[in-house]
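Consider the two complexes below, in which chain A is the common component and chain B and chain C are the respective partners.
Then we have the complex of A and B:
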């Protein structure tokens, strides 16, 4: 398979949402054929320019997937499958991206706050952010304020995403923002919040930079922040 | 003729009665048929029963002759055993045929009732008297008198309702120019010219049967073709409860069976007035009436295709009207479906009727309460299920669209479980795969099931704001269906029908 064929097949498989060869795609009968992971491995072995893969295979195909979602052709599982493909490709390409001059869209620390074990929404956001080209550090759930603030500090993250599903735990978000303020880090990081009990007015109340209804809204907001 | 037929939904039947209870009811029905027996107002039917070994005695009631018929258990059981357990109900489009098999609980849903009122829906906007800037869209209703044009529209609607499997006209035709003499040809033509699914109706007038059969033969492509693909069938309510065999309907049963076409022997006693309200009494009596009707059919022509037609209802205790959307209705009807299965005769049953006068929460309760239970019984042929309101007095097309959505959900819910060794292994593999990821999300693994049609859609008429928009959204769907092109009969077929079948309204030809 030559370079052009590999890049086209990666793009095709991102749209199909196939990470590995045993995965089913959106269309029937693709199981057993090389998917994104196997094709990206070929990219590495054949020393194909990682930037070409990102620009020609990953970015464009995610836009196609977004269009299909907007038209109602794709549902959320299809979007997530494609985003996972991009995330898997970026993980494999990771060491080669800097050499190829590909820059991450930014470090994004993500966590469900202390006392809260709910992480489905947060995980969906993580997959979508990775698929959109962010360097995501997912701290998991029930994460203490101290750990979150420390990770933002250590990584120099430009973005912090906080999630909560309970009215009893959402208050932690305000405490974290206050700590960031006290530690003089508030201006370095944009804080995005989300989760069922949160709202724009709650975000305003605690001084968050943005409230995100869902993962897609988060991507839109990040596009606006990037300007 | 292909072997195609509508797949319906094969369910795992819910059984309310155990085998002892079925036997108790069976024996009670046979005991009723032996003593007091039936009051037969048809001499021809009485003679038929007598020739087969029934004890018949003539008497007089209100100055009219009546024959008291005592049916021996052996005669009834022998006749029922000769009834076909499976047969096809045909359709203009062979893919829309129905496979009725008493041994397979494959459910089909259809319309029904022949109401006189068509309920048209319009959305009006109302402003709050306290806060005029606040407005609400509320449905308003207008009653129309049933007509041939409305019947055409109903048939076209039912053609496009995905979950409707057969058509019983939901509205009567009361046009000027239609009387008893041409009622049958007009109702069957208006139906058959607008739907490619199976069409069933009662016969208004015995003398019209040859014209109706000729029309069906023209559509099917000949006499033999119609018998192979019986695209119409008949409903015969031969018993007036309790236990009175009606002369006029008996004559129609003779004629339909002799014409070689399928029919339903339907009985609809009302618990608390024309039958006992108690479950055992109601079911024993209706079962006796249906068994006597089926016996008559088999004595006319052995092996004639007939459905076990059970429509037991109970009376409201405040006005003695029928009460459909209530627990007893389900109990009676589930029992009848089980008895039909016991006799190996396909079951014609009932769901989707209630007291509600307009679409709304009451209608939703009454309909879903019976749609779901009757589907669970595995009754093969469930009528009345689309669009009926005010018991069986009104047909509302918007309600039919809503019912289509409800029935689709019921059919989906009752699909057979997809669980076998391969599925179980695939499940374990999926769990392993997902647990190997950081996000532990199964979402993308839902895709295969979604694409296979295994994942149901959300309720089609749900709203995302704090308003109930069910009727408004269903009305939009109805308007979209009304704009669909109609699936009329080919022009030469219509021409031949108009040449050879007298009495059809010229206005019905304009639809072609």
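Then we have the complex of A and C:
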């Protein structure tokens, strides 16, 4: 396989959601064919430019997946499978990205706020951000405001993503923004919020920089922020 | 779920006709429709109840040779007569086949197990003995133990065995559903390398609302450890009941098979 074929096949398999060759895809009968992990291994062995893989195979195909999800053609498990592919590819490519001159788009601290154990959506966002080239520090779920603020401070992160799935825990987000303000860190970091009970008006109310409907929306907003 | 497609069975009058008239067009069509619907194996039972053992042997040879052309799927050679089983296996020409079936009776074990060994064929093993179907879990498990012993004697790996816990109608004994389910679980616990199979529809015999009973029982059986079912793949509701059960048991990663089937509708 030449470079072009490998990159096309990676893109195809991200859309199909196949990490390894035994995986089933969205379509029937793909089992046994090389998938993202095997193809990325070829990229590394053949010293193909890792940047081309990220730009031409990963980012574009996740946009396709996002479109399919928006249209209702793809369901949550399909999107998760594709996101797993991007995560696996980025893990394998990780050490080679710096050599290829791929610069991080910035540090991104991600957390589900205190009292809230929901992390499915937050995890998808994390994988998508990784695929989009951010340096993601996922703090997990039920993370205290103190820890979130301390991590933003220590890492100097430019972005903070907060998730809450309960009307009782979404208020934590406002408290975190207030603390960032009090500590004089508010201008250092863009705060993005998401989760079922949140909304644009809630983001406005608590002074967040953006409300993200879903992972794909988050990527769009970050593009605009980077301007 | 490994689906063993049940429709080519000469106890059904339409199939008896196909066999007696050597109607290869209809035979192949029946096989191909079952494959398209998701069958992993095509069961072939040509016992019409008429004629001699030699007639059944010739019918089996004819059916197998026609089906080898009609599909790439393995066949499940189905007969209570080891001579018919052997004729069917020989007619496979080296292609993989399953044997249906043996039970814990020395007459069956001594004739069927050597075939399983020689043809390296998976074999359906009924949890019953020469006296009939035991009414209790322990009785059926004892039959399985005798079969497992014969596997050692005839050098058939347990991984090739599909134990059938057997299904009796609940209409006559409401406790029988649970006996089958508990037998399944006991087989999985004692012989983890072996697989399990059963024919389902017997459970609802004599009762109204059979489709719902069959689907519910199938899903309970999947929970208890059912790997394969001898069933009608053309019954779309039962097929989706199987996929639903597998998906809920975490056997269908990313709900691929489940979602794909719903997309097709």
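What we mean here is this: the second predicted complex is superposed on the first by the 202 of 227 C-alpha atoms of A that agree within 3 Å, B and C clash if a C-alpha of one lies under 4 Å from a C-alpha of the other, contacts with A are read in each partner's own complex, and residues count from 1 in each chain.
Here, a residue touches a chain if its C-beta (ideal position, glycine included) is under 8 Å from a C-beta of that chain, and two chains touch if they have at least 3 such contacts.
Keep in mind it's a predicted model, so treat the numbers as computed, not measured.
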{"item": "Partner chain in contact with A:34 - chain B first, chain C second, else both or neither", "value": "neither"}
{"item": "Touched partner set for A:17, first chain B, second chain C, both or neither", "value": "both"}
{"item": "Partner chain in contact with A:138 - chain B first, chain C second, else both or neither", "value": "first"}
{"item": "Dominant contact partner of chain A by residue count, chain C or chain B", "value": "B"}
{"item": "Chain B versus chain C as contact partner of A:126, first or second or both or neither", "value": "first"}
{"item": "Partner chain in contact with A:80 - chain B first, chain C second, else both or neither", "value": "both"}
{"item": "Shared contact residues on chain A - chain B and chain C", "value": "17, 24, 26, 28, 75, 77-78, 80-81"}
{"item": "Complex interface listing, chain B residues touching chain A", "value": "438-441, 443-448, 450-451"}
{"item": "Residue ranges of chain A in contact with chain C within the complex", "value": "17, 23-28, 75, 77-78, 80-81"}
{"item": "Complex interface listing, chain C residues touching chain A", "value": "253-257, 259-260"}
{"item": "Complex contacts: residues of chain A adjacent to chain B", "value": "17, 24, 26, 28, 75-78, 80-81, 84, 120, 123-124, 126-127, 138"}
